[in-house]
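Here subunit A shows up in two complexes: once beside subunit B, once beside subunit C.
For the complex of A and B:
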């Protein structure tokens, strides 16, 4: 008990302890803020990806697609764990403003809005037809031609605050979209007059997913339109993917495994049917695995950051160690006195450990408090910096970030506080042992003057 | 008076030397000493004769190279770490030549420190009332009742020494060891301290006091001399500590 009293007195009376407290608090602050923002960004990105993809995807890597997707969708629909399914074609093509020659390469996605808006969150990212599958592909300018939805960054620029100016929507624009129809064997197929299949679409809406690749390079058209353009509608009709949404309580792993089983059986049943070998290229993946190539780098960055934080922690440990060595060295007489009145080896260790814990607690509290305040006003601070000095942490004209995420996760706080305590404990260990080994006579012989 | 004849502490053939580089400096060369319960013994010796060294060994703060110290017949060098801590905490009260109080604690806390040692939160909370009570009594007894919340550096040398004595008595030790308790004090203040020792002795406390001052030693009931690393038998002062009053 007296150990806490004495530790507390040392904490307030020794100025060097202030250094240890400040160093650890600063580390806690930095780690807390960076972790929170980084976790927020990664979490946001994953959430957007999940919303864009749905829970599970049955997809082929081949641009040719795979047949009998409609039959497998029927199989899926009869499963109690499946909430909804939606067929998708994703391919490459060319797009140009109607009548012009300067076509650019683009990714095109064919979706059935009715089912796709229930499987994914795509409908919520529309501007004019938010969650309205009926009119999603109605052309704004000319009701007689089909409509297309453009990734928002294809037509609008972001201003410095990250907002789009929707006044500039190209409501009257029409586009010529060209695709390269492929046979089941992957050869270019001659349709109509040539190998390239072109169709005119009117602008219907923009889609804002918050995913840079999709917003900056993807055009959505109706599934049936794209199927025709790609030569996939001739029986057996083909698609490149089926997106699946599970019922709320179905776990991702369990659901995906079930679908996998269903697919294996389905593919086996289809053996011998025309184009059945295309089924061999199909994979069943949950959304995380499906988008591994974009999620993995972010997670790797997160890990790299944690490694950096370990270096930060090592620095903190050494500073705490030095400070404790200084304190213990200047307090050998006190330790000698304590041992002379009967304190044990472990009692002295306990005293130093209590002192360390106290420093850890105080600095963790200060660091977390400062971090909490900083995070709370991080967007205002960033806004002020931008208004005053033109400095922006993330250039909103480039990054798809609205607000800097500052949602505080209690888990992160808990881990950081534990680490701070651990840092202090590690730092005090050697000095504590040194103190505990003190022989009373060695320190008490001399006069205190 | 008060001696009941049984030896509470007995030193047998204590040898201790220090090494300065490669030269051996012998300090104690076979010290034999018996202390009866209730006795007030003064060890008199010149500066550098090894008085502090001897007292540290008797108090379990240092180990002899040879020989042994028997406390109630038990060899303290055979004590386990726990027994040794208990010996320092409850059997012996040590008053140092230079007071050695903790600057971070006030007078009251310094005095009840020995009672806090080794107690957890629960243990301490259950003991606190009686401990504070006793500490206050002791502080009163040494005449510092009005200074309980002062820090050691706010006290004079004599006041600090009195706090150190109160601390040494906190756990009602069987044995009070005092290393030059008046060494750094003026004569009058020293007399106050000695009067206090006399009163303690009359109440039955066994005391060993080390000093280089003949006049101080004369306050004890028995005096021995430490010279050439050995204890020379001294004399008994029949009624020495009975004529002083508590200061």
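For the complex of A and C:
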């Protein structure tokens, strides 16, 4: 007990201890704030990606697609672990305002609203049809032509607060979408005719997924329409992907493994059937693997940041070391007395370690408290900086980021507190050993001041 | 203990130096990539136009322009092999002109013979220069393309589908988009190191993209310009605008409004907004690490404080011998500055070694853990920028040295206040 009392007394009475407390608290504060914001961004991105993709995807990278997707969907629907499935075509085409020739190349996604809005959260990102996503492909301009949903950044600009002004929606716009029909062998279907497959679509809605690539470069049309445009509707009809949502209690790994097994069996059963060779190009992946190319760099950046903070932490360790060295040097008499009255080697080590733990706890508390306060008002602070100095952490007109994420994750807090304690313990180790080796006879004799 | 201070300063300096060099390197690579791919200035016309050779002649005649190339860019679909169709950006170019404006020549994998010779060899098919990323996948571990394998693909046949280019006359009757299906032969392969360009670019002679390839008219929508040596792009733009205005009104018969719609801008400014954001992120990171690195100042303070206490008798003897307090202060401050300077020196060496060998280090780590840390598909470039940003380094070194001196200031004052009579008496 006396060890804690002594440690507490040193903490209160020794001003130099304050330096160690402040430095460790500063490090805790910075790491806490940066990691919370970074984790928030990565988590937000993953969440949006998951919402956009669904749980699992059976897909081919080839634009030719794969046949018998409808049969496999029936197989999936009969599985108790599967909640819903949706066929998808992703392809590239040319889009021009109706009657204009200056087309732009763009990615086009064909979806069935009934199933796709159940499998994914895409329906939640619609503006005009959020409450009734099933009618999402009803053209605003002309009810007699099919509608298309445009990625929001294709038609609207974000303002400095990251908001869109929906008054500028092109409600009366119609678009000519041209796709190049491909045969199952990947050859062009209509060589020599001079025309692409072109169809006119009316603007029906905008989609806001929060994913920059999708919002700035994707047009959604009805699956059947795109299938016809791409020449994929001739029997056996083709799709490029099947998106799957699992029942709530099915784990991602288990569900994906099951689908993989089902797909392998299905592909074997289809051997010998027309175009069955295309099934060999199909992969079954969970949403994280499917979008690995976009998620992995963010995770790597997170790791790089952690490594840099670890490097910085070595300075904090050094400070703790120096502070403890100073305290131990000035308290040699106290330690000598303790040892003279029977305190053991480990007893003295325990005393210094307790002191270090106390410093670590106080620092971590102060750092987390300051971090929590800063995070709580981080968006207000940024707003003030923007209003006063025109400074924004991220330019919202460029980046698809809303508010700065400031949700505190207890896991992050726990790890940072543990690290702070570890820094203090590491820093106190050498001084503690030095203190424990103190000989009472050396320290208690009379000496010059 | 002084060694500890030096280490802390060195670590802080090297960290800031590496962060600053990586970001600055990325920005510079991005800007250099733009000028290498485009030239110094890009003239973007609101509509396609003919007689670009006359405009180029006028530009050259001004003395400002070393070379200029007319080009056009359209989307397309490239049929590479069975079931392998990729979206591409098709550039209608004149190879000889473009080679003078851009660094195209050094990016061609085949080189021997060059694309112009191959054009004659490829009877009946249009010679194309194709981005390496369209034909090959980079090695998943090294993220590098197999250039030898790429060379073997020269001569392979491809099919491209894209909109046909015609003059976009506003009075023209609306038409359905016309498609051109062009049979290509790979004349050479392009390996720029810019991931996006390598993944998307198909370069063809401008004439082959026209609605009527046999017509004498070649419609283009942009002029890429390489300025004469020493010319400032911002100053050249005014003259180029005048030449463009004269050409568009005189030769093309355009009205002033249409002429003014053209954009003439330095290639470096094409991504100016994005790069400004990268610079801002660099600033934020430097502030974050700068704040954390104040710990190094505290460390210097602690060490010097301890030093002042340990050496209190020496100080007292000095003062007893007549040394003034100001000299004691200067002694400690000098020591602090030296510690800062030595630490900063070591930090610079450490930072330089790390930055300069960052690609090697990344290779080693990747082969060790089996995961590529730098992915060109995410960061655009195949190589991590490894040039040290010396202009920032000097600032960091200066700040570190001053910071170390500041850290030593309070202990110096404390040492200067030492009273010999109290310290040197014997208890």
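Here is the rule we use: the second predicted complex is superposed on the first by the 439 of 449 C-alpha atoms of A that agree within 3 Å, B and C clash if a C-alpha of one lies under 4 Å from a C-alpha of the other, contacts with A are read in each partner's own complex, and residues count from 1 in each chain.
Methods note: a residue touches a chain if its C-beta (ideal position, glycine included) is under 8 Å from a C-beta of that chain, and two chains touch if they have at least 3 such contacts.
Everything numeric here is computed off the predicted structure, so don't read it as measured data.
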item	value
Touching partner for A:155 - first (subunit B), second (subunit C), both, neither	neither
Partner chain(s) touched by A:408 [first = subunit B, second = subunit C, both, neither]	neither
Touched partner set for A:430, first subunit B, second subunit C, both or neither	neither
First (subunit B), second (subunit C), both or neither touched by A:2	first
Which superposed partner A:276 touches (first subunit B, second subunit C, both, neither)	neither
Contacts of A:357 with subunit B and subunit C, given as first, second, both or neither	neither
Partner chain in contact with A:342 - subunit B first, subunit C second, else both or neither	first
Dominant toucher of subunit A (residue count), subunit B or subunit C	C
Which superposed partner A:96 touches (first subunit B, second subunit C, both, neither)	second
Touching both subunit B and subunit C, residues of subunit A	446-448
Sites on subunit B touched by subunit A in the complex	52, 56, 59, 61-62, 81-82, 85-90, 94, 96-105, 109, 113-114, 116-121, 123-125, 167
Partner subunit B, residues of subunit A touching it in the complex	1-2, 5-6, 9-10, 13, 333-334, 336-345, 347, 439-441, 444-448
In the complex with subunit C, residue positions of subunit A that touch it	16, 19, 22-23, 26-27, 30, 34, 62-64, 92, 94, 96, 98-107, 176, 178, 180, 182, 184-188, 191-192, 194-196, 198, 278, 281, 293-294, 296-297, 300, 304, 308-309, 311-312, 314-316, 318-319, 321-323, 325-326, 329-330, 393-395, 398-399, 446-449
Complex contact set, residues of subunit C against subunit A	1, 4, 7-8, 11-12, 15, 19, 74-77, 79, 81-87, 89, 159, 161, 163, 166, 168, 174-179, 181, 273-274, 276-277, 280, 284, 288-289, 291-296, 298-299, 301-303, 305-306, 309-310, 313, 373, 375, 377-379, 422-423, 425-427
